[in-house]
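First, the structure itself, so that you have it in front of you.
A, B, C and D are the chain letters, set down in written order, and residue numbers restart from 1 in every chain.
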């Protein structure tokens, strides 16, 4: 099982990724997907600007995916993260985990997202609806706690 | 938030359900989906036959969905379960949970699936590739344990 | 002196019984409407009464602990009171999802 | 007798430094290649050396505990040895996903 990892400016299609993963096989029992979307923050946000560290973003998500693949019996694992300007309602990130059984698929997708949040080199800044440039989004202690769960 | 629940013979489209859920809104931050698929069991399975209890299936999944909606701040919740003859590679069940944040969406989808497995009145029987009718699939103690987690 | 009034027939009430999966196969039908003694208190009482009706019910409820029940489409336990349930279902542990 | 051999100049090595998000903004550039003293042992040593170079670095590393580092695109800690890392990155805590 080779994880598929893509860092891209363009949007992605969950359905296309599931179709590609499942094409021609009938051994998958469970597919769990996560999509992270840009919220409009009650109309105050015009867009999120996502900066990333090219090269390391792919490498780090690859390391997280390798950890997931070592921990759970996965048939497929996909992680796609966009960068650039993303408007409210648009997709930012996709994680897809396929396995024979649902528990592995759920846990692997959940794990991937927790670690993407805390380890993948991406930074968000806000462009406000009033035309001003907002600050860089601050990391949440919650996210570190969420990632820490997997070490218990 | 009114959960959408459908019990149907026909296939469903995850993408269509996500599109319907997200149409015209930009307050969703996270969408978690689960798809359960029919496995071919290493080529020994021709199809699964899913029997259900019409009326109670909708009602019971509705009760599980109401519990999820009471436990997590959800923006959207979808559960679709098929019945009838389902062939390897085909979709059986879909759960979709949308929220502002990822934790609620992950947990609600996970909870829904655990309870669907143990409480929704569906029964699977195997049609074997060799033309014989297999037995009724036996419930797994694992599934009861998984559902029990949520009462801790 | 009149003869003693006849002992009143035990009351009955019509109940729709529905069966699924291998419970349905063993009972030999998907549903039936029976006049059930009104003094049956619980799901377990109804199961005992059904088992006295014939071998098909005995086969279906051979292992009573395994068979699940629902009263008017809500899960019930062996000691759940039947109340005024009009539709009572019996089925194996669920295997959906 | 010859004059004592001159003390060898402290060795330096070229390192590519890359900065992201508000670290980039405070340093005032996205990347630079500097000749860095070879005797700097750890990430924290490099940070101290950078802060001595100017106010922009002092602003970027005002709260050293917050700034994260990566050595050749692998996360590192303040006490991680620099080793022969050729690309060293500094950035705020990540906010992707």
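Heads up, the rule we're going with is that a residue touches a chain if its C-beta (ideal position, glycine included) is under 8 Å from a C-beta of that chain, and two chains touch if they have at least 3 such contacts.
What you are looking at is a predicted structure, and each value in this text was computed from that prediction instead of being measured.
> Touching both subunit B and subunit D, which chains are there?
Where subunit B and subunit D share a partner, that partner set is A.
> Can you tell me the least number of steps between subunit A and subunit C, where a step is a move to a chain it touches?
Each step joins two touching chains, and the minimum needed here is 2.
> Going by C-alpha centroids, which chain is farthest from subunit B? Tell me that one.
Chain D.
> Roughly how many whole angstrom separate the Cα centroids of subunit A and subunit B?
Measuring from centre to centre gives 23 Å for this pair.
> Taking the mean of the CA coordinates per chain, how far is subunit A from subunit D in Å?
30
> Distance from the CA centroid of subunit C to that of subunit D, rounded to the nearest Å?
Here subunit C and subunit D have centroids separated by 78 Å.
> Where in subunit C do residues touch at least two different other chains?
Answer for subunit C, listing residues that touch two or more other chains: 97.
> Where in subunit A do residues touch two or more of the other chains?
Within subunit A, the residues that touch at least two other chains are 36, 102, 113.
> Under the stated touch criterion, can you name all the chain pairs that qualify?
A-B, A-D, B-C
> Along subunit C, where are the residues that touch subunit B in the complex?
18, 20-22, 70, 73-75, 89, 91-97
> Within their complex, state which residues of subunit A touch subunit D.
36, 50-53, 55-56, 59-60, 81, 92-93, 113, 116-125, 136-139, 143
> Of all residues in subunit A, which touch subunit B in the complex?
Interface residues on the subunit A side: 13-15, 18, 22, 25-40, 42, 88-89, 100, 102-103, 105-106, 109-110, 113, 146.
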